[in-house]
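When the chains are written out, they are named A, B, C and D in that same order, and each has its own residue count from 1.
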Amino acid sequence: MFQFIIRRTVGAAVTLFLIGAVTFFLFVAAPSDYASLACGKDCSPTRLEEIRTALGLNLPLHTQFWDFMSGIVVGRDFPTGHCPAPCLGQSFYSGEFVWDTIMDRFPLTLSLTVGALIVFLFVGIGAGMLAAFKRGSMVDKVATGGSMVLSSFQIYFLGPIALTVLVYQTGWMEDPKYVPFTQDPLGWLVGLSIPMVVMATIFTAQYTRMARASMIEQLAEEHVRTARAKGMSQKYVFFRYAWRGSLIPIVTVLGIDISALLGGGVVTELTFSLQGIGRLAVNGAVTKDLPLTMGVMLFGAFFILILNILVDIAYAYIDPRVRLS
Amino acid sequence: MKSFNSRRARAIMVVIATGSLVLTGCSENKGSSSGKDSKKDQAEAAVQSKPVTYGDAAASTGPAEEVPGAKPGGTIEVYQEAGLSHLDPGQIYVSDGGQVANLLFRGLTNFEEDGKGGTAVVGDLATDSGKSSDGGKTWTYTLKDGVKDQNGNVITSADIRHTVERQYAEFIFDGPTYLQTWLSGPKYRTALPDGGFGDKHLPATVLDTPDAKTVVFHFDSPRPDLPQTLAMPGYGVVPEKTDTKAKYDTAPVSTGPYKIAEYKAGKSMKLVKNTNWDPKTDSVRHQYVDGFNFDFGVTESTQTSRLIADQGASKNAIQLTGSVESTQIQDVVGNAAVNKRTIKGYQPYVMALNFNLDRVKNKAVREAVAYGVNSKSLIAGEGGAYGGDVAPNLFAPTLPGYEPTYDPYGRLKTPQGNIAKAKEILKDVPAAEKKLVFAYANSEAGQKRKVAIVDALSKIGIEVVAKEVDAASYSEQVGKLKNPYDMYINGWGQDWPSPGTVVTPIYDGDQVADGSPNYSHMNDPEVQKLIKKALTQEPTEAAATWREAHHYILEKVLPGAPLWYTKQLQLYGSNIGGARYSAESSYIDVTRLFLKS
Amino acid sequence: MTSPAKAEGSGPSIALDPELDKNTEPAEVAKKLEGRSPGQLMWQRFKRDRTGVICACVVIFYFVISLAAPLLTKLSGTNPYTLYGQDPTYADTPVLDEFGLPLGYFGGMSGTHWFGVEPQYGRDLFAMLMYGMRTSLFMALGVTILLMVTGIVIGLVGGYFGGRTDYWIGRVTDFFLSFPSQLFFIAFMPVVTAFFVDPQEETPTYFRALAILIVLWVLGWMGMSRLVRSTVLSLREREFVEAAKVSGASPWRIIRKEILPNVVSPILVQFTYQLPSTILTIAFLSFAGVGFVEPTPDWGRLFAAAAGYAKQDPAFMFFPGTALVIFVLCFNLLGDSVRDAFDPKSGR
Amino acid sequence: MTTLTKPEGAPAPTGPDSFLSVRDLKVQFSTEDGLVKAVDGLSFDVERGKTLGIVGESGSGKSVTNLTILGLHNARTSTVDGEIVLDGKELVTATEKELEQLRGNKMAMIFQDPLTALSPYYTVGRQLSEPYMKHRGASKKEAKDRAVQMLEKVGIPQPKTRFDDYPHQFSGGMRQRAMIAMALMCDPDLLIADEPTTALDVTVQAQILDLLKDLQQEFGSAIIFITHDLGVISNMADDLLVMYAGRAVERGSVKEVLRTPKHPYTWGLLSSMPRLDGDIHQALDPIPGSPPSLLNPPSGCPFHPRCAFKDQVAGDLCSQERPPLAAGRAAACHLTAEQKQTIFIDKIQPRLR
């Protein structure tokens, strides 16, 4: 286990470094002059130079890159103050430390993605298993058909409909908003329930189908038959033996889907006017704020890596063969 | 300059249109005429373009006149799509910052509107709108008693001097430059490089503070507009002791009725009452509500949807500088109950297709384009009749000297473009000159404009090379002197109701520089002569001179084809009281809002 | 970061084992007797699946109308670029009201404008949709084929050669998988576009298409590669491959003759899932403002734009939206049918 | 001794000593390609303490028959006719609940492939204990004790520590032993072993077979032993049933059937089997053709398309009329007893030498 963690940490660090490099050099390669963007309307050449210096744009590219990356580990000093590690630089635009900005926005994205994740895993796997259990029945048809239709929709299409029906027309619910979980768990849930459910809907369908298919497949497995031959009840066999195995493909796909989840978060944030990492990414890209973009990309990758490690731990938990090898 | 919108607002391109989904599609849309409204708007515009009066000490004495029915308490929700680019008053030039500044900061003077179109400049920190002498070359201001900042420090003339002098510092770069230029010339920064933070100050021959309560400005030519200049949010006072230079931009010290309790850049801001603000010293602002909650990142379409629905917290909400999403205008205007909650009026902006005169040298081409462009389709992209009106000339309806019937290119008669006329003009023009590079911001709005421009100009035989420019840097890109484009759409609005704030910045040859709003790079001696003349004239004479300049620019030079005037349509929640349009800001007047319950 | 091999083997289309289990053993025996190839069998089973056949027809129909968009619009006499609501040429037949909303019934449906017109500019929705579908479908087809080919090649190489090769390919795959791809699209699509374009010239539409193609390609092949790799891994140990190896066949021959035919079914199944999801991804790009720009007709942008008129002009959303939902739905159902046809065990 | 007196197709009251009695069993699957008659009118009996061997090619219906006895056939796609009586209890009509009570308790099954038949997700110990806890209402502790005892019995070293291991930590032979231990947890009266040794190497195979025999003696269970290995059968079984295309084609005691087979198919099976003591230059003689389609079985005798002797039967009898399987020691073939005798002695026996 210890070795596993070490290996994963090293791998993650390398990945993050590479992603940082790709992001940085792509960004720098773009034909935009960040200093003149930050310079504003009354931009004299001297001022431009000053801004260049202030933003560190006068330094050679590799120095800029190294400063940024090393800042993550040891922190950096800016004219406006010390930026403690992990320092993702200082926004060209707002002058805030990117890490602080991300930390301010991240709880929302985390709530949204993890909330949606829980919803779609529960609903998706639940519906899929139910469909497999009652294979061929009305329940099965509704679950599979419904999931198909819903998966063809989009967040930016379902979102406004949900808002219109639940908020604007009827007033049943309040406008989506973020309340910190630690402050008011119920408010947190209520405030984000519409975005979470809408976002989850898009993913649910896929997982319903997958859960159903892999459950049906598992039911045909010999060890499941063995369990029945032992006289274990159908339910027991279904929910113990078959279920366990059916989770593996689901977890695999989940690992691949995590970055899509983050993308879903972006669209959801935009659709519901919420302020999370996704909006930050859009702002960073649009305002050509290199540190912000770098920070968000790295943080996004970090988030994906963490969730991937969790997925692998889940793997090991589900399948003892993985655990020991 | 009052640029059309903040950079970030321009930059945030993603607009997700939301809408309530009631299927109304099966009923026939016969089209309703909003022509009546349009005429009403024209009349209102005439009111809006009344010249500003200068208020005396009596008019400048607080407290402000009570808003009928106003009651205290409650918190107003403020929706805004993009975050604020600045909170340092010295950096504030654009409207969103201006709106916030009206709640937080006080300057020497301020605008006071009577709601009937009359606008006066009154003393804010000063006892009156200013006393001029020496033919308008010297202006003297006396500070009111008992004006304190949020920390309880009394505002003195030293603070005013500091406010002016810090504008010379390098870290102030986005704010207005009128006052500095008038005091120290175009290269004003060299006059006081450290911005007065050291021992060096402006000489008393320029800016004098004979005692703690008196400030005297000395100019080398008459500056009759100074009271209006000083009313700009960019000249809001910055108390010297608590100035933190660059850091001030996120944590400024308040002198107005509210102060910042919490600010998360780009996300949220909470304003609470500033207990050190004394209503008796302020003739304009009120302090009815307990505070304002600014919610940034709420897209215009979400703002509109929420306010139309008017549920829950949205009842207490206003739009700061956002307007009704263009796709949802009909839902607002078509519903009497919702329409009641709107604020309408002309904005000061004239949208024009500016030519790069260094590249498009053939006036016939410019003329043909001016005849050929389709204002109507462009306006359609802005939301139709409520988004804008066809602009026949370069003066907005809010500008004193606005001429509604002055229409040299027949825009009013053929708003969709006079194709025949344009073709005729282009008859003898060689093909090479008929290829024009059109730059547009790569945003949703920019793309829409591109479609309309390309469509219209290709009809008259112009080959348009549409070149997208990154939305965030659009202004910078087309503002470059050596830009590779032939034409681009820019909007311009007055800084205060005087043609001087329009003609000077955008058509004065002296202003041609990188990043200057003189996007057409126009440098015409005749115009410069007229500008010089008008700037020193008394208002009535100046009006005639400006008019002459206007006609000359549009007919003889044609640096840009007028396209449309922008209009304001904002919505507020049903529990908001005292809402009215501010002709000065062209948005909802935030100083007099209260909650009905 | 390594996902266990066994688990990887059970991707979305898990039931790939061409050998049927015991329960269906007689059936299998029976089929063998009739001497049909797996392909024929698949085709026969597929033909019997009514949903699958209908969906296949619908999908083919979409491709046909996309191909025939110019013909169809010739028939309707409209094109996707004319601003019918704003063009002075069409001033005598107004299609929009003062708010820029279509006049008449259901989004301004008429003999001229079969699906009505777009609000604001009054472009013909039928023509826009036909051309938009064309853009989206062919883009998606291009991207999907690129993804599949890349994924197959990388997966084959990794799965077949194993060892170091596989390890490093696995690391590269992991690296790309941990890219926050959607964030990356938003941030870098303009940058990638800029690489191709002379700043003085208008960005041609095909450059933009190329940029989209490249970005989606570079960040999208991993799923396919993993699937192929795990299938190949399991195949590699199988007797017939061993036999071919022992008999001295070259790796290329083994891959081509023994392995490729056996990964065809998962590939085909994956393809039918990948294509609609690519269409939605392209729509996402348009939604985020980094896809195609006006006036290139684009299905996704049309859909996103229409969402803003959901209340005022539901017809504007109805046509592109219904078309998209039906298409994605049918393609997914088709995917299920294809999977079932290859592998009856997994099906209904 | 197994009674083999009842004529096929004629359900008879179960004999007092017949522990399991299968009568005219028909199992049909509906597949996407049509109806498959996997088992078509099968009857046999098994006594306590005895072993019935079933041989046949893949797809002859051996496994399906036994899965059906346990009620493990896929109820959604298959239909079952006929009767299966276990110790006086009719199983075909029994409810799922009743079957659950019997499975793993009164009747247990050892599956062919220990690699896939044990769940990889749970420890061997847990998988062993489960049925004991369920059927005997035993506590976890009791079940563990029992499981350890059984593991020891089947010859797994250090059963206490192995209890907590996962199947993948066991070798193939150990897994099969664990399978057997699992089947024996509740002292089943009927044990069905579906090719329990096919996947194992020969030494392990012998150990497992010995083990089964020992256990049978100890517990007195009836065993149905399915295989296509005639060598194993001759070692293990008392009686033998030869199945072809879902039907029994020959039955009798092991000795009878192996010494004097009476059905051309059995001949084929025997001649296709290599012998250790055989002439290495003598080619094996596989049955020509391939197993019939159960979707569309051949008319008459299902073996006729592959039968080398069908021309000895008058007319088209073989392809038109299905030969009955008489009671007792019998074979379902149209050849007369004399013909069989002649053919066997002339053509088959020399090859078996």
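Just so it is clear, contacts are C-beta pairs under 8 Å (C-beta built on N, C-alpha and C of every residue); 3 or more make two chains touch, one makes a residue touch a chain.
Keep in mind the model is a prediction, meaning the values are calculated, not measured.
Chain pairs A-B and A-C differ in how many C-beta pairs are in contact, and the one with more is A-C. Distance from each chain's C-alpha mean to the overall C-alpha mean is smallest for A. Chain A and chain B, compared by their mean Cα positions, are separated by 40 Å. Rounded to a whole number, the gap between the C-alpha centres of chain C and chain D is 50 angstrom. Between chain A and chain C, the centres computed from C-alpha atoms are 23 Å apart. Separating the centre of chain B from that of chain D, both taken as means of CA atoms, is a distance of 92 Å.
Chain contacts: chain D has no residue touching two or more partner chains. Each of the following residues of chain B touches two or more other chains: 13-14, 16-22, 470. Shared interface positions of chain C, defined as residues touching 2 or more other chains, are 23, 190, 199, 287-288, 304, 307, 310-311.
Within the complex formed with chain C, the residues of chain A that make contact are 8, 11-12, 15, 18-19, 23, 26-27, 29-31, 135-136, 148-149, 151-154, 156-157, 160-161, 164, 209-210, 213-214, 216-217, 220, 222, 248-249, 251-253, 255-256, 259-260, 262-264, 266-267, 270, 277-278, 281-282, 284-285, 293, 296-297, 300-301, 303-305, 308, 312, 315, 319, 321-322, 325. Residues of chain B that touch chain C in their complex: 13-35, 301, 325-331, 333, 374, 376-377, 380-381, 383-386, 414, 416-417, 419, 437, 442-444, 447-448, 450-452, 454-455, 459, 465-468, 470, 484. Residues of chain A that touch chain B in their complex: 32-33, 36-37, 39-44, 46-47, 50, 79-80, 93-96, 101, 104-105, 156, 159-161, 163-165, 167-169, 171, 174-175, 270-275, 279-280, 282-283, 286-288.
Residues of chain B touching chain A in their complex: 1, 3, 7-8, 11-14, 16-22, 83, 85, 93, 170, 173-174, 177, 189, 246-247, 249-250, 264-268, 296-299, 302, 305-306, 308-309, 311-314, 470-473, 475-476, 479, 514-515, 517. On chain D, the positions that touch chain A within their shared complex are 67, 70, 72, 76, 96, 100-105, 108-109, 111, 113, 116-122, 127, 130-131, 134-135, 166, 168-169, 179, 182.
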